[in-house]
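Structure first, commentary second.
Note that the chains are named A, B and C in the order they appear, and that numbering of residues resets to 1 at the start of each chain.
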Amino acid sequence: MAFFVEVLVGGLLAGVMYSLVALGFVLIFKASGVFNFAQGAMVLAAATTYAGLVDRGWSGWAAFLAALGVMILFALATERFVLRPLVNQPQISLFMATIGLTFVLEGLSQAVWGSVVRGLDLGIPDTPLEVKGVLISKFDLVASATAGGLVVILALFFQKTRVGRALRAVADDHQAALSVGIPLERIWAVVWAAAGAVALVTGLLWGSRLGVQFALTQIALKALPVIILGGFTSIAGAIVGGLMVGASEKVAEVYLGPIIGGGIENWFPYLLALLFLLVRPDGLFGEKRIERV
Amino acid sequence: MQGTVPGPVLLQVRGASLSFGGVHALRDVDFHVHEGEICAIIGPNGAGKSSLLNVINGVYAPDAGTIAYAGETRRAMRPHRAAEQGIARTFQNIALFKGMSVLDNVMAGRALKMRRGVLWQALYWGPAEREELEHRARVEKIIDFLQIEHVRRTPVGRLPYGLQKRVELARALAAEPRLLLLDEPMAGMNIEEKQDMCRFILDANDELGVTVVLIEHDMAVVMDIADRIVVLDYGRKIADGPPAEVRANREVIAAYLGVPTAADDRALKEAS
Amino acid sequence: MIYREAGQFRISYAADQRIFPISQDRVGMMLILAAAFIAVPLFASEYVLSALLIPMLVLALAALGLNILTGYAGQFSLGTAAFMSVGAFAAYNLQLRLPWLPLLVTFALAGLISAGVGLVFGLPSLRIKGFYLAVATLAAQFFVDWLFTKVGWFSNYSSSGVITAQRMVIGGVAFETPVRRYLLVLAIVSLLALLAKNLARSRTGRSWMAVRDMDVAAEVIGIPILTTKLLAFAVSSFYCGVAGALWAFAYLGTVEPQAFDLQRSLQILFMVIIGGLGTVMGAFLGAAFITLFPLVLNWLFHAVVRGDVRAGLLSQLELVCFGALIILFLIAEPHGFARLWQIGKEKLRLWPFPH
């Protein structure tokens, strides 16, 4: 029993890490209606920049600020050269544009910093903590706390502030938002920069766990089932979805894995999401789409 | 056709009720259409007119009531079944396939009539080609009828609004329907276009024998072409009869123009 | 002026419904086919055949499959490579366990098996749309990936993980030289392209496009949404399956899951976007572009940069350029090369006159 709890807890905490990536997705979708396939690549780019600079001898904080700067620049460039020309195009076009962005980011970060795998040391000890006979990783706890903190900040931002309201309007209808006078460009730049910051934090946490490498982008893809379960527009949903995916994935791997063969975690979350979609096509917390004839 | 004896009842809706959350779109509406008739449904905005059409051809299932059509009585119509049994429809907001040409859109209207399987179509030879050409010939007659030959290869999304409405009508007629439901077919048209549209509807009714139910706001049009008018207000039917009768109905006037006060009565008396 | 239609009257519906109603187009197509079937094998080098034309044709076939699903029927799919993988492994296993089956029948059966799998993964499309569907197709991608890697039966329990595809023999004639492989692939792809074009201009194609544009309206005019969507998945997966089998047998020579990963799915998606969604020609134009582009880039790079460069830098820059190109196309010409081609033809009608 204790073993099960341990696996479960481990899964939940891993799930929080997924939520972090999902948060970036949700942010952008909520605010611009764009499904940002490049979120994973953003995580990679941010983490690589940080790790690369630290490798060159920069201090942790300086590297962090520099990486943040890069992500902000990226956000501005994306807004100017990708989002603005594609305003009011169908969502599918924007989605494919983000696939293009993925390639650009992946190629650039590897071209500039090389494809060497780097370790990341954030100074957070990975020693296990023992709570009632269950081993929990301190690192996972810190990650959860960070994610939790980010969620609270972002949720408050969207619900309470004027900018947050404007963002929700923009996500709904670009044209209408423009005609009401909402400064689309500035808002998008802000949101993508915020997503970039989230990506950086995510990249640091994931990077210190797995090392900064190309595989980080694959992990980001795991966030897709998270947002399916949680709904594309819900910040709380990203957390809940992440927990569900993390927990179910670990439990499935440990208990089903030996029967079917290892490596289930590669596709199990997707299957789960798929089954879920059949029951609730708009996700757990997502908004129901109404088609009027 | 006005003045002729109405044919047998083609469609009978009894006690239809439909609500969305707290909004009652239809309240216990009885509605029927005779074969060969042109029946107009009028009423203020939000009266439930489109909802009634949606219930008839199965886009919505009513919460209560029955629909009797083509010898079958049922609780709710399914869109595919409605199409199979000869009900065709146009929509208020134009439900054309914007990525396809006019010709393709109208040909799509013949989907139910085309039988040849996928494999034959892939070969496009022999039976499949013959079928395709046969239906093309029929569709061309309708394109001719509605005078849209000059735009047949144009993608529908690029056409002006008035022409799009005509294409939608063409697609509906292509199915050779028994019952044609038209949802505001003349919205946004100028007088000339409306006259054309009226002519098309009358011709369809006359020559093709199609029974027509249309929702329309233009009173002149309605009074002109309808055999019978049904008035809805807040989801309820408040009048049902020939144009002259409905025009004089006090409840109808009240719904459209408001309840006349004593001052209005005096003013009217003075004016007459 | 060369492209004038003046004087060409189509006096029957049959003439109007032709794939190439304008005679210049027909002549052009004849020339292209003649060049492809006769001139190329005679004059092209083995390198061009094996490394350029064969992969280009096979990828065009897969792009055709994806175009049917996403371009015509509007069902977004990121799992194209998974269906190719199914086709490849199916063909391999069929040849292995039923070696008496003629090769072409094997390919057709592999396609059918892939179509079956496509049907299964297409079932969710009845409830799910848009991005959600895209993510559901990713499920197919990862699952198939895992299945063929983990379950040894598919790779005949090969210990090295690399399986050699069997030789291609039709009616006693071995298809091993580049020329023969090229002609085989060309024949299969041309035939399937014709079938696809025919489907696109008949009731099925119209039903697909109707479901893509507005499925509620399609339902109302009597188009069965269920069977239409499933048919799109089935036909599309058939094409991808055959493409996968050809990729393994006629190009790579090996059957491996890594050849059919997410990158491959994205690559084919790009071909379809750049080439033009919803057109048969677009698949070919896109495939040609994506195959030739790395070469052009390579040549440009080496012309500009002297000296040694870090290994892998070129492929990374290629990645960046691809991404930038996608974005550029989406902004400038979302309908891809096919549309540019059409615009070009329209200008040709008037040239050299301005209007």
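A few notes on this one:
Heads up, the rule we're going with is that a residue touches a chain if its C-beta (ideal position, glycine included) is under 8 Å from a C-beta of that chain, and two chains touch if they have at least 3 such contacts.
Bear in mind the structure is a predicted one, so any value in this text is a computation, not a measurement.
On a Cα centroid basis, the chain most remote from chain A in this structure is B. When each chain is reduced to the mean of its CA atoms, the one lying nearest the mean of all protein CA atoms is C. If you average the CA atoms of chain B and of chain C, the two centres end up 43 Å from each other. For the pair chain A and chain B, the distance between C-alpha centroids works out to 49 Å.
Here the spacing of chain A and chain C, counted between their Cα centres, is 32 Å. For chain A, the set of residues that touch two or more other chains comprises 293. In chain B, the residues touching two or more other chains are 59, 91, 95. Along chain C, residues 216-217 each make contact with two or more other chains.
Put simply, chain C touches chain B in their complex at residues 13-14, 17, 195-196, 198-199, 201-204, 206-207, 209-210, 212-214, 216-224, 231, 235, 278. Listed in rising order, the residues of chain C touching chain A in the complex are 76, 124, 127-132, 134-136, 138-139, 142-143, 145-146, 149-151, 216-217, 262, 266, 269-270, 273, 310, 312-313, 316-327, 330-331, 334.
On the chain A side of its complex with chain C, the touching residues are 35, 81-82, 85-86, 89, 91-93, 95-97, 99-108, 110-111, 114-115, 221, 224-225, 228, 232, 260-264, 266-267, 270-271, 273-274, 277-278, 281, 283, 291, 293. Interface of chain B with chain C (complex): residues 57-59, 79-80, 82-84, 88-89, 91, 95-100, 104, 107-112, 114, 116, 118, 121-124, 128-129, 132-133, 136-137, 140, 171-172, 175.
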